[in-house]
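My questions all concern the structure below.
The chains carry the letters A, B, C, D, E, F, G and H, assigned in the order they are written, with residues numbered from 1 in each.
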Amino acid sequence: MTFVDLGFARVDTDRRNRRGFPEVIFCAGKLPAQVLEISRALLKEDGVVLGTRATAEQFEALSAEFPDARFHSAARCITVIRQPLPAMPGSIAVVCAGTSDLPVAEEAAVTLETFGCTVDRITDVGVAGIHRLLAVRDRLEASNAVIVAAGMEGALPSAVAGLISKPVIAVPTSVGYGASFGGIAALLGMLNSCGSGVTVVNIDNGFGAGYAAANISRLLSLKDAQ
Amino acid sequence: MTFVDLGFARVDTDRRNRRGFPEVIFCAGKLPAQVLEISRALLKEDGVVLGTRATAEQFEALSAEFPDARFHSAARCITVIRQPLPAMPGSIAVVCAGTSDLPVAEEAAVTLETFGCTVDRITDVGVAGIHRLLAVRDRLEASNAVIVAAGMEGALPSAVAGLISKPVIAVPTSVGYGASFGGIAALLGMLNSCGSGVTVVNIDNGFGAGYAAANISRLLSLKDAQ
Amino acid sequence: MTFVDLGFARVDTDRRNRRGFPEVIFCAGKLPAQVLEISRALLKEDGVVLGTRATAEQFEALSAEFPDARFHSAARCITVIRQPLPAMPGSIAVVCAGTSDLPVAEEAAVTLETFGCTVDRITDVGVAGIHRLLAVRDRLEASNAVIVAAGMEGALPSAVAGLISKPVIAVPTSVGYGASFGGIAALLGMLNSCGSGVTVVNIDNGFGAGYAAANISRLLSLKDAQ
Amino acid sequence: MTFVDLGFARVDTDRRNRRGFPEVIFCAGKLPAQVLEISRALLKEDGVVLGTRATAEQFEALSAEFPDARFHSAARCITVIRQPLPAMPGSIAVVCAGTSDLPVAEEAAVTLETFGCTVDRITDVGVAGIHRLLAVRDRLEASNAVIVAAGMEGALPSAVAGLISKPVIAVPTSVGYGASFGGIAALLGMLNSCGSGVTVVNIDNGFGAGYAAANISRLLSLKDAQ
Amino acid sequence: MTFVDLGFARVDTDRRNRRGFPEVIFCAGKLPAQVLEISRALLKEDGVVLGTRATAEQFEALSAEFPDARFHSAARCITVIRQPLPAMPGSIAVVCAGTSDLPVAEEAAVTLETFGCTVDRITDVGVAGIHRLLAVRDRLEASNAVIVAAGMEGALPSAVAGLISKPVIAVPTSVGYGASFGGIAALLGMLNSCGSGVTVVNIDNGFGAGYAAANISRLLSLKDAQ
Amino acid sequence: MTFVDLGFARVDTDRRNRRGFPEVIFCAGKLPAQVLEISRALLKEDGVVLGTRATAEQFEALSAEFPDARFHSAARCITVIRQPLPAMPGSIAVVCAGTSDLPVAEEAAVTLETFGCTVDRITDVGVAGIHRLLAVRDRLEASNAVIVAAGMEGALPSAVAGLISKPVIAVPTSVGYGASFGGIAALLGMLNSCGSGVTVVNIDNGFGAGYAAANISRLLSLKDAQ
Amino acid sequence: MTFVDLGFARVDTDRRNRRGFPEVIFCAGKLPAQVLEISRALLKEDGVVLGTRATAEQFEALSAEFPDARFHSAARCITVIRQPLPAMPGSIAVVCAGTSDLPVAEEAAVTLETFGCTVDRITDVGVAGIHRLLAVRDRLEASNAVIVAAGMEGALPSAVAGLISKPVIAVPTSVGYGASFGGIAALLGMLNSCGSGVTVVNIDNGFGAGYAAANISRLLSLKDAQ
Amino acid sequence: MTFVDLGFARVDTDRRNRRGFPEVIFCAGKLPAQVLEISRALLKEDGVVLGTRATAEQFEALSAEFPDARFHSAARCITVIRQPLPAMPGSIAVVCAGTSDLPVAEEAAVTLETFGCTVDRITDVGVAGIHRLLAVRDRLEASNAVIVAAGMEGALPSAVAGLISKPVIAVPTSVGYGASFGGIAALLGMLNSCGSGVTVVNIDNGFGAGYAAANISRLLSLKDAQ
């Protein structure tokens, strides 16, 4: 069977086969019991549960049944790791412009670690003090890819991309006020980046950025495996 | 009299008295004959004409009567200078991110020069190659104020402001495509700049940026005059 | 060292050297302990702390350690002043259109006073009763620069700019309802001002307006210092 | 019959009976032959044709058959007046902020004159030089109602409303550039006017403003007729 | 004196002289003590207080000092009437499309009644059942002017305007969901009304509609007074 | 009589005669007593009450008087069925992309069942695992029409329409975050569907989709009745 | 084979089998030679070509090879009918609010006729003169479904839906100016229609509306065929 | 030297060293002579010129001096290849939803080929006929990464991502009309993709997508080189 029909959800147990990584639970708007039931199906099939946008209440429902469940509060993620995914070669840098962007950066980092990647976290290197960024240039260049989370005007991905030769994945955050419009200013800034080759994910979508970066590291794994 | 009623326009001949600089003609949408008639009134009163968003046709109408009229084609400006405004102390840096932002930067520069300022033009120092900007840092710091014109994501004013102690006036330009939305991305980027104290004018409004910078230099003139 | 790495933040201790004013803490979204730790680093280096968008809870954390900390509740700002910045010559007028714009105007005023400026506060002179504005024209003209905070249609900066010869910095506020769209109407009004040379900061960004005005007064200080 | 079915249009010959004024032809997008055929029906029934947003080509089609047709080129209107509508008491002031707003103001004026109103035209009294507006205050107050056409930030209706006791109808124009967004800035400014009781019509809709003002004068006519 | 400076506000005591109606207090965002202090000044000068967007808490502050203060809860208005404004001839119809539009319609009605107008309230005549509207056509035509409050698609003003010869003032309400965008759909619908001469006020601005309609009735009063 | 005037509402008792289905109560923003009073009028005339966007409090008011009232909590609907509407031939498929879209899908389903339709519910068949959709293709084709509720990018209706020959009615939901803008992304996706003939209703408007589908089934009933 | 690969296009020759109607060519942006080549494939497989958004140049390329090709200029459509689709029972009403909406209505009508439907065209029945709509109520009710094309405020579908019991498909048109925003005002009006069950297609998408209506008539054909 | 100052431009001759690929000329808005002068500097330093958004006129200026210059008209690109970049291992699939998306897809393909990548072009596999996409699944999975260009609702990247395990880079195109808003609908669809890990570039930015994909292949080259 390629999916499990729970009535309220069809769990895609073929996902890992097709896509390389197992299905991940988007917990927002789901009842704790629903998250639990989907987790059971995924643990049985894949041995790994990653739930994003999770609440403490959902975590309690899981940890009652799975004592090894872990709540990553800054990232708002739940993980239950029974059969760890294989470790990937190299590392992914997760950079953020300011302290307020940390939750989004952490969602990316937890996703990466769940998927077998090593993460290099770099915080508060916004362009208002460009010397802070120049000081970490070598760490950025040493990574397989760089995830850059930034709110307000979202200028950091352009500056990062201008300095290094590795793929840059930009995550606009909803940090800011007034004409930042909940992340739209940062999103537009990143889409219009003068730094060639920057790609962008949805506002606050740390998971998506982590997934895309893991996908890139996975290519190198496949290369190793040849 | 504080204004001259031409029927289709009321020329504000009191403007220089109240505001420090004479009235400037926004030529867009005006007939050549209208631009000419307003110019006559301004020359008579103030001895200086500056027309922005001017066309070659409007210039021809003026130069037929005022042979000393000058057309600044890159800036789309007309000037007729009979009684030059007094020279201001110091200089204003006019910076642009890319070659395509030059018309907006030139409108600022012509405004500044008409108003008695010295201009230091710096071109193509966008953040995709930040070393080009670092190379001109001292010229920027040596100015009274810095005007920064940029399109696309509009990140340059943040980077400039982070490096120097002088007022930074940002001008978003309509350069870009797709989600730049005719300058909105750059405008939002500048309004949300993490570079403290950056102020912003309308999209493509080189004149406004030049006026604001001249206003700042004028304060220093007044100081000298005390 | 040009910055202090606290893990969750890199405090830019070189800021005052480069930019003329020390780093300011944007408190929104930071834990009280984080605000405290950054404050320690700034006090040690600069002797001055200014925190904007601060909460009472953050203030309590600071005042427990720094009894001379002060909470400016209308402005939502915290200050700890151990080594006051040098006093600037002249004054800055901070004008607001209506009573509801006061919090934004106060954020500008506290920023200015922390940076060494004298402030002239003028309240409730909106264009619905233009005689109230005409009555204060001389106070406006006597300032180095004028900050104008207004919500709704944001027409006041145009009217102010039309009357005086000093730089005008406009701050749109989120005051209004319906099609004011949280300050967008005022922002657009100010960006399209027919009052030449008006510059604009982000919606509700009293801090940015204050910073920009202080930057202008600082030019006059530098002139004095020559 | 309450309407005439021309196949491509149903001419509302009952309009004057229900609404006080006959149907007006919105010419944009109609073939000259269509405008002509509708005009025939209206002339037969009402003796008056007013076509707005008309082209020279449409006018030629009409004037070939109706030699007394008149083209108001500034207003882009066609009129054929066989049975003039009765003259209304008093006058309507039609004010515009700048020379570029004249076409919209003229559309309002031609509508008013076709409907029997006397028009007092006042041009170029924008808020950048408020003394020009104060100079005409008595003419504004002497009118039944005031139509104010303005582009850019659209601040003039607020200033006018603050000075007088008569109804103010605001018409945003598409004059401006950049963040004026084809009249949106002016429209939002007028909708959020701090001048109590200002009402607004669509961008560039001089006809609608003229109609609304004529409707007000018509109330006074009805009063006279009692 | 033409205004009273309370520090936090400048009460425009010249308003009634210039504009025909006294200043009205926009209570949103004001402290109860501020509303009270402004009310004292207005009562002393004009004998009439109208506060819109008022809270129960603000009302309590007023009623403690002015026992004759009245709270119109549906309209969210406070009134204190010591010297009633003179009664106006005729009536104003206040129409709403659905039950949910009532608060906005009531704000218009209370404004009208405070200003001396007679109000004819007509509820729930939306276009989904057009026969309900046709049934009240004569009441609409019998008014001096008609205020139409509607949310969702805002089609009612077009339908009303098509039936009668009196001025129609449209008030979009924020009633609706999804793509109604808090009243934007209704606002755009009304601005683009095919019903000639419809004028529009801000979303949920019942006060503005009431003021504009009262202004029209006041013209008839002036006519009577001649 | 074609309507019942309750003062705060005019119940359209002619609705079923004109439109085929009785009036439905949009409960949002109505007092429980108002919902009750309208329900009485509808039960008397039509024998069927359907209230959408209902609260538990409104339901309690109804069930006190009508013990057979039923609350569909997932759909946020109240029904009181005294005279069931006649059963329609065939069925309507109600499909949703993810578990979070269920409330909107249920509102459609309850509307359909109240109007006499049979519903085939299909959940969680989003395009991220297209095999889940292909597995239900025959059930979709066997329906009279298919309602598809989806949030995020709203791609499911295009995929469904590409597979079958029956009418597809798309309902964007507000499920998503960041640049989903409360359903706008899904709405635009559906309006631009490359699946020919897809029609769209408002964001979260399960009722509207259900009504439209019931209208289609009703045509088949009328055919049967011939 | 289920598709034909032409290199620049994959013609979906399985479309009629899956969806009931053959593939239709969206001609915008295609070279005449491309339209011709796709037409050959479709004629061979299906015997029917419908091209929408076609130019005269594309038509010439087709008519050179297929002399029986027909250009519907008002609708901007090309048809080549070798094997007519079977006639459907009943008719579809295609209604438009004004003369300027005719091209969109005609695109719907040509689509319907190509697909075997009978069309009842009704023009210029906008709500500004509601009696014109009431006069055709019986023709509307007699149809299987009604397509309503309207620009400006897009109020007509609500009024139509309120009068009849048949499905209503609304097509916003880009007719209008100013705040109609190229059809957005009409689109939002239709999405928020108070007329229950109205469904909407993209701006100016007459083809989509025609397809959806034909899909409904096809259900009745299938019923007949049982 | 790390850049060459041409006055109107500062050519970043250090780009290849920092970023892996040489600077690319964005030709839009540049004079042919400017494109030529920049090309000379790049050829001298890097031996490779890629100009995007180029015109025939710009190409003529180049080919006069560089006879081996090549114009890729579908992609609107110019190339001059003197020292080819090293070939990368594997291939990149460039997929487009419809024929009209080809220019954007070609810009990506030319960028990739200039940078040393092998391209697998796949055209017209939109979701309206999903069997066309399923037929090429193995070619997609065999690539290093997949670029997907789509307009209208932009659903194709979600469907592609759901089928394979390789990185997917989505390019929204401005193909569509009405509520596609020049590519915004597709952009939002892609940002909200339910296909985990999809990253997005600006509307019509084929170059950016090609650059990002080449960056990924380059990682594999570096791996090989170890």
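Criterion: a residue touches a chain if its C-beta (ideal position, glycine included) is under 8 Å from a C-beta of that chain, and two chains touch if they have at least 3 such contacts.
Predicted model, so just to flag it, every value in this text is computed and none were measured.
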item: Any chain in contact with chain B as well as chain E; value: C, D
item: Pair of chains joined by more contacts [C-beta pairs], F-H or G-H; value: F-H
item: Centroid comparison with chain E (C-alpha atoms), farthest chain; value: H
item: Angle of the C-alpha superposing rotation, chain E to chain G, to the nearest 5 degrees; value: 180
item: Averaged-CA centre spacing for the pair chain C and chain B, given as whole angstrom; value: 25
item: Distance from the mean Cα position of chain D to that of chain C, given in whole angstrom; value: 44
item: Centroid distance [mean C-alpha coordinates] between chain H and chain D, Å; value: 52
item: Distance from chain H to chain B - Cα centre to Cα centre, in angstrom; value: 36
item: Shared-contact residues (touching 2 or more other chains) in chain B; value: 98, 128-129, 161-163, 178-180, 184, 187, 191-192, 196, 202-203
item: Contacting chain pairs - touch in the sense defined above; value: A-B, A-C, A-F, A-H, B-C, B-D, B-H, C-D, C-E, D-E, D-G, E-F, E-G, F-G, F-H, G-H
item: Complex contact set, residues of chain D against chain B; value: 98-100, 102, 123-125, 128-129, 131-132, 135, 175, 177-180
item: Partner chain H, residues of chain G touching it in the complex; value: 2-3, 7-10, 12, 14-15, 26, 28-30, 34, 53, 172, 174, 183-184, 187, 202-205
item: Touch list for chain F against partner chain H, complex; value: 97-98, 126-130, 152-155, 158-159, 161-163, 176, 178-181, 184-186, 188-196
item: Footprint of chain H on chain A - complex, ascending; value: 18-21, 24, 144-145, 161-167, 169, 187, 191-192, 196-203, 207-209, 211-212, 214-216, 218-220, 223-224
